[in-house]
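Next up, some structures in structure tokens.
Both complexes shown next keep subunit A, but they swap its partner, so subunit B is in the first and subunit C is in the second.
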Partner chain A sequence: MVSKKMLGLLLVLPALVMIGVFFILPLIASVIGAFETPEGAGLSNFVKARELYSEDILFSVLIVTLASLLIGFFAIAIGGYLTLGENPRAVAILRWLYRWPLFIPFIVVGQTLRTFLARNGLMNNMLVGSGLITPDQALSFLDWRGIVIAFVWKQTPFVALLVAGAMASIDRGTIEAARNLGASRPRILIEIVVPQVLVTLTVGLILSFVTMMSVLSVPLMINAQSPTMITADIAFRINAYGDYGVANALGFISLIITSTVAWLYLKLSVKERS
Partner chain B sequence: MSAIRTGLAWLPRALLLGLLAFVIFGPLTNLLLWTVAERWYFPHALPSQYGFSFWERVFSPRGGALSSLSNSIIVALLTVAVALALAIPAGYALARLKLPFRALILLAFLIPQAFPNLSVYVNVARLFYEVRLNGTIPGVVLVHVTHGLVYAVWIATAAFAAIEPELEEAARSMGAGALRAFRDVTLPLAMPGLMASAIFVFLESLDEFTGSYFVGAPDVNMLPLLLYSAGAGGNYQIASITALLLLIPSIGFMLVVERFLKADVLAKVGH
Partner chain C sequence: MVQAGTGSGFLALKGLAARYGATPVLSGIDLAIGKSEFVALLGASGCGKTTLLRAIAGFVTPSAGTITVGGRDVTHLPPDKRGMALVFQSYALWPHMTVAQTIGYGLKLKRRPQPEIARRVAEMERLLGLEGLSGRKPAQLSGGQRQRVALGRALAIDPEILLLDEPLSNLDQRIRLSVRHEIRELQQRLGITAVHVTHDREEAMVMADRIVILDQGRIAQAGTPEEVYNHPASAFVAAFMGAENTLLLAGRRNARHFMLHESARNAACVVHAQHSTLPDGPVEARFRAGAGELLPKAAPGAPPSGTLELWGEVLSTSYPGGLWRHSIKVGDTTVLCDAPRAFAQGEPVKLRIPPAALFLFAARPAGAPSLPGARPSAARKDSTPEPSSQPEA
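What follows is the complex of A and B.
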């Protein structure tokens, strides 16, 4: 039996080595690189990162947090309607509709929304055309709002898909019981359904959080001027100055931010179980 | 009173669905319009002149789209080949053989998705530069395989787990060797799931921007890089046409994914 275990490990090993060599090693290199300075190991990269980019670091956290909250809200709304909706046709339409952005690549989302949300984009053109606003009132959304809209547009279907799947597998009995007692659907959703899918929802939101913290194309395409996301700053340090020290320090900071979020989640879920 | 209420009850629902349809299809319509807009000035709601002259420019030899497209497809096909060559044995072992630390091994493949990957790609590019892999197709393929391996391994594991082990045992008891039983019985049965994982990996590779930007550009030009540089240069027609080329396979896959990923396999993903 030992040989069967060995065989299994041998079959898995090449794939694991791939992750080790081409992801974990460079990840370690980036952490070490953050502390490498011309004068030896030190914190000067972080001092410089704080001087130049503290505003962008805060901005990234705020944008991604706001986007995550909105994604969570819309995912619950979509999943909730798919689970509790009484009109089969509306449920079928929603099921068909909400998934579209799921497979659309971030770079295409960036380009699509850049043209849609611009001052002369289709959104403003339609508002002007319908007489709701005058051309002078047309606003460009290509700033922090554009980044938030792009993230919510792209990531909501992913979280909604996970949440709707989890909602579909919970026991219908409690829902029917609450409905027979006259509870309204929003109340059933908030008090019975959401608590039971909370783990799935948080896992989906954390994966989204990490994804949004590492997407380069959306901030580059929608708003690369300051204040912008950490990712755009990292690319700028490399391309303009070949400055790996500060770039790695910024990478380390975003690693700390995402780890903190994941750690908070683990702490909460452990507390809940005990 | 109640008759009026039931009579108009559909209205908010229809309005919300309509709004959602606008939010999803509005930007996509805008993209389609840009691909055929010859002239489009503010504040006109629609382009003032339509045509396909930008399509000709994109697909002319100097437009760069054809070489980007072929680079993208070569990289994506190689990525699928390497990822499946790694994922089929790994998935089989994870599904069938009693592995120690099985849950941890499955989680390890998620690492590239669970850490911010930008600074990782920056350092991969730096390492590749020293071993002369930077700006080469094999270099880009290695980055894409690492990124897509989670889909390949997780879906392959689920596909093998959904097949009854008795079938393979029956073939073995009739005298077939282990490899033969795997090749003639298990592999064909797992094929739809493996196809799904291949398509996932193919799309991930086709759409990947960050790794290609640091490791591939400017020597290996690919569609996402062409899109980015056209957009950055303010050429929205060319950027939109490139975006459409990337969009078609993605949407096409979304519409057929359920044919490949059956519920029995889907239920086992990540377990």
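What follows is the complex of A and C.
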């Protein structure tokens, strides 16, 4: 009996060691590092981070929240059309197209959108060319808007994939019952379908939120000037100053933000189950 | 048969056909359902009964034919414009909505004022015995309660026609028996026209005014429960109505009668006019286990005129309750027969089947896979599936 237990432990040991050494330990080291100062343990890294980057922290949270909301909206629209669409050809085309951005790395998204959204980029050239705007009306989107567009473009397929899967597995009868009573398709989507996939949608959005909080390439490519995102600041502290203390403090702050979101989710799902 | 209000039919189907891709599912369905009539669509799984119901409801686009309600053509109207409400087999309740929200949803869609909705919901809850459950969600309801909520949702919008897709199949046996009567009673009280899909013969018999038996996408027979039970139009219907014992006999027809020849396993017998349309030659005889009388082989006396007598030997007995069930070897086939007392295994017996319980059909050609060819007098116009005039979007 005892040897069987030992064998079981032995079997999971390599995985445990991997997680401990490569995930938990660096995380703890980074958290401890945030509180290490030349004068011993203290909060001076956080004070400095607040003085220098409080605007960027707020900027990051707002951008990622806005992007998450837009992603949720588009994911529901795509999933909804895949589930309720009545033109089989349009549904097939959408099903084939919408996943493409999943296979494109963030850095490429950033690079592509940089050339597309710039003041003399492809988008403005097209708008000017079609006579919709004059050249002096052309605006650069390479600021917070560019970051939001890049995030939404890249993350929508991921959430749409999860949401469409969940929508496909709900009882079709619940949709037909609403149709039978005269509900329009938008109404069916909002009142019947979305409530049934709410948990999946929330999970998708939280995973996206955490992913977006950690992306460095997009803010660097599209908007490296102030205000920018926390990730760009962390990279800057380390590369330009070798200042691991403040970098760790910023890392700890973004960890707090993502943990808050995860905690909200847990609270929500517990409420759902009770 | 004369049905109240049948005539041309309140709900009338004419030449209805449907297909999934290239596979025909329904063909040549002609059916007239009277106002306030309760019709059961009965058939084995895959016979097209649910497709027929869904075509009536507007969820399946027919490839040919028309559906009219009170003379109004609804064939191409969306489901909510037909004055019908469908109760789904799975109930299809919305997991996030309470009982009151679910029942009131149809009225909310019709933009009825809130007090009116509340009044109607309360009325439905009272009617269906759901009082005190307004605030519950489906997960907190029993199977029977869910079924009643689904019924309430359909009835709340006051439909002219109620469509029921095997609404009892998810209930356990005991509840099912009482819900049958509840639904029937409710239907009669509201005077609503109902079409009920089921594969359960007894359920169809006790609930419906009229039973429509479907076989391979066609109507095999339509009639009152008493008619289809006692006068099955085909071997398929007879089998479906419980006449599972089948024997191949031979006979000859004259002007008014059909004479069954004597053989090693049966006495000669003259059967009456109703079978006089049978062709000469082999016939398929069908009867129910409870229809015959079992006697010792040596019992004296000849059978009454018209009663078929079979000779055999008891293979085994069992006691399912009430009567003893005997498995009897007659020639090279085995039939089942009930008797009030148990006969010994191996005992030679004779089995008498009175004319009313004996169903004769022209025998199918050997190896014929399906039944259409075996339809004797009730053979209907054989309609091949029409080309799809309206492919489904």
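Here, the second predicted complex is superposed on the first by the 259 of 274 C-alpha atoms of A that agree within 3 Å, B and C clash if a C-alpha of one lies under 4 Å from a C-alpha of the other, contacts with A are read in each partner's own complex, and residues count from 1 in each chain.
FYI, contacts are C-beta pairs under 8 Å (C-beta built on N, C-alpha and C of every residue); 3 or more make two chains touch, one makes a residue touch a chain.
These numbers come from a predicted model, not from an experiment.
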In this superposition, which partner touches a larger number of subunit A residues, subunit B or subunit C?
B
Is A:K4 in contact with subunit B, with subunit C, with both, or with neither (first, second, both, neither)?
first
Mind working out whether A:R179 is in touch with subunit B, subunit C, both or neither, as first, second, both or neither?
second
Quick check for you: in the superposed arrangement, does A:V210 touch first (subunit B), second (subunit C), both or neither?
first
Touch test for A:I192: subunit B only (first), subunit C only (second), both, or neither?
second
Now for A:N87: first (subunit B), second (subunit C), both, or neither, which partner does it touch?
both
Once chain A of both complexes is superposed, is A:L58 in touch with subunit B (first), subunit C (second), both, or neither?
neither
Contacts for A:L250 in the overlay, against subunit B (first) and subunit C (second): which applies, first, second, both or neither?
first
Residues of subunit A contacting subunit B in one complex and subunit C in the other:
87
In their shared complex, subunit A is touched by residues of subunit B numbered 10, 13, 17, 20-21, 23-31, 33-34, 41-46, 86-87, 89-90, 92-94, 97-100, 105, 108-109, 111-124, 126-127, 142-143, 145-146, 149, 153, 203, 206-207, 209-210, 213-214, 224, 227-228, 231-232, 236, 239-240, 243, 246-247, 250-251, 253-254
For the complex, give me every residue of subunit A touching subunit B.
1, 4-5, 7-9, 11-12, 14-16, 18-19, 22-27, 29-30, 33, 87, 90, 93-94, 97-108, 110-116, 119-126, 128-129, 135, 138, 153, 207, 210-211, 213-217, 220-221, 231, 234-235, 238, 244, 247-248, 250-252, 254-255, 258, 262
Going by the contact rule at the top, pick out the subunit A residues touching subunit C in the complex.
86-88, 171, 173-174, 176-183, 187, 192, 195-196, 198
In the complex formed with subunit A, which residues of subunit C make contact?
57-59, 78-81, 84-86, 88-96, 105-106, 109-110, 150, 153-154, 157, 393
